[in-house]
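Here it is, the structure in full.
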Amino acid sequence: MYILIELVGIFFFAVAGSLMAARRGFDILGSAFLGGVCGLGGGVVRDLILNESPATFEHPIYFVPPVLAALCVYAFTPAVQKLHRLVQLFDAAGLGLFCVTGTMKALEHQFNPVTAVLLGVITSVGGGLMRDVISNVTPDLFNPRDIYALAAMVGSGLTVIAWHAGFMSVGLGAGIAGLAFLIRVLSLRFGWSVPLAAGHWHRAKQNPPAPDGPQRHF
Amino acid sequence: MYILIELVGIFFFAVAGSLMAARRGFDILGSAFLGGVCGLGGGVVRDLILNESPATFEHPIYFVPPVLAALCVYAFTPAVQKLHRLVQLFDAAGLGLFCVTGTMKALEHQFNPVTAVLLGVITSVGGGLMRDVISNVTPDLFNPRDIYALAAMVGSGLTVIAWHAGFMSVGLGAGIAGLAFLIRVLSLRFGWSVPLAAGHWHRAKQNPPAPDGPQRHF
Amino acid sequence: MYILIELVGIFFFAVAGSLMAARRGFDILGSAFLGGVCGLGGGVVRDLILNESPATFEHPIYFVPPVLAALCVYAFTPAVQKLHRLVQLFDAAGLGLFCVTGTMKALEHQFNPVTAVLLGVITSVGGGLMRDVISNVTPDLFNPRDIYALAAMVGSGLTVIAWHAGFMSVGLGAGIAGLAFLIRVLSLRFGWSVPLAAGHWHRAKQNPPAPDGPQRHF
């Protein structure tokens, strides 16, 4: 059951990675690789921090979702203009699932609540961060026009509370994941955001967002 | 005592990370995250190489400096033109402290002198490198117009010599850290540098440095 | 013997890293650092995944090739126009050797064939990926105009087959490494490639590749 949920989350992130590869004009192997990094990267970093051999490399089944994602994106490439939005949508789905499963794994390792929340956030934002960094674009995580890390924090925080209160269940976990997903997606739709790093700079002075569409740098 | 010095070094690097977030127009959560990566990244990499669970994730106190740094930068944002210089100044302070503490930790693990120097350098340049890489700017480490890695090497080298000679003390460590800091800052002020990677290219032909100020890529 | 082959592979990758440093206008310490990351990065990641202390940091001899490479590039800097091609050539030589040695190491750790191939590919593409990411350029791995990951996959796959069939030898390993090298180099020469991530986009519509030559971003 746990493995199944994890595989679904990996698939969502892998699709986001493969869509990013399409957006940047990479080839299909780069697509599978970027999907793999995006889907598995957060979990690998979490396992390295927990000082255990990454589960990913024990069971070949973990590599099925990235391959599947690359094939799906190859078969059903969306129109160029929709690519950035679709990356964000699948990324949000993965974010929701991973902030719950990442936090659960940290709690099972007896970490204190603060660290458990942080590990949950790292698991859920790590894959997307790696995808953006190795694609050579500024990470979505830092985009000041919507909510990203906060959605993961809410999901991880609620997971810690539910776990310590003793009523964590699959249904509740799914609900928390859905809530984190919703916060992220609604923030994209309605432009919710948190304050800028620099307190007294006016938002109004910021440049408009870069236009969507494929960026090709070769 | 050791922990206190480490926390001060983390704070310096975290301020450098949060100032970079301000320079790039990120939001305040991105600022705390980037401060955390910059302040804790070098130490986490060192601990992974030493094959032990990163100390950072055992004690939640390590996460206080990044949060504090993000709040400080939010409250006292400097003028845009000063941001790059301030990033470099706080980065230099962290560099000085970390090349001493990183080398000490490697020496305590019985590493040979060469590896101890290298681990010290990795600890002290790793955080800043990660900050620049995930912010999608060319790392300061590679800037050919000033001295960066050499300052860390001098600090780490002197730490190894003092340790093996048997007269390492808190005062001497602080002195070495101060020296590394000074080398870095004076090289920025007076344009000290080491030769280019490509031997026979003339420096005079290089382009001028990019103007400072916030770069916004969204 | 095994160590010697590994050192040769590290040297090839380190030259590729130092040439990239020359291309980007970095200084000679940045050149040694980038050579070290490129030469040793893939192996360190593989060892972290295998959950053992990276061999690199046990024996200082592993740091000799990057220093040597930086000195060679300093002494014999090629003309600017040839830099990108030379980076790719040395990178291909390292790729060939590492996909064999990386896969062998995974097989010695009793990994299943699929994971062994993947670890071999990660070892052989990891260093070049890190080099490109920290130099702030789009990784060569993703370039849709030639074959990169596929060459490593062929090399790793043949290594797994030869190992399980029981006739792996130094000569055969060298042959497989040479084959992977050839595939990569011929794909560069003749423009072999795999399909794009996005199935129905026409290749003809892609922008021309960026002109070679040093990119200076400071």
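Brief remarks on what is shown
Every chain is named by a letter (A, B and C) in the order it is written, and numbering of its residues begins at 1.
In the analysis below, contacts are C-beta pairs under 8 Å (C-beta built on N, C-alpha and C of every residue); 3 or more make two chains touch, one makes a residue touch a chain.
Bear in mind that the values here come from a model prediction, so they are computed numbers and not experimental data.
Shown here, the protein chains touch in all possible pairs. Because chain A and chain C share one sequence, their contact can be compared position by position; here under half of the interface residue numbers appear on both sides.
Each chain gets a centre from the mean of its Cα atoms; for chain A and chain C, those two points are 28 Å apart. Those residues of chain A in touch with two or more other chains are numbered 48, 51, 133, 136. Residues 18, 21-22, 24-31, 33-34, 44, 48, 51-54, 57-58, 60, 63, 70, 73-77, 133-136, 216-218 of chain C are the ones touching chain B in the complex.
Of all residues in chain C, only 48-51, 111-112, 114-115, 118-119, 125, 129, 133, 136-139, 141-145, 148-150, 153, 193-201, 206-207, 209-210 touch chain A in the complex they form.
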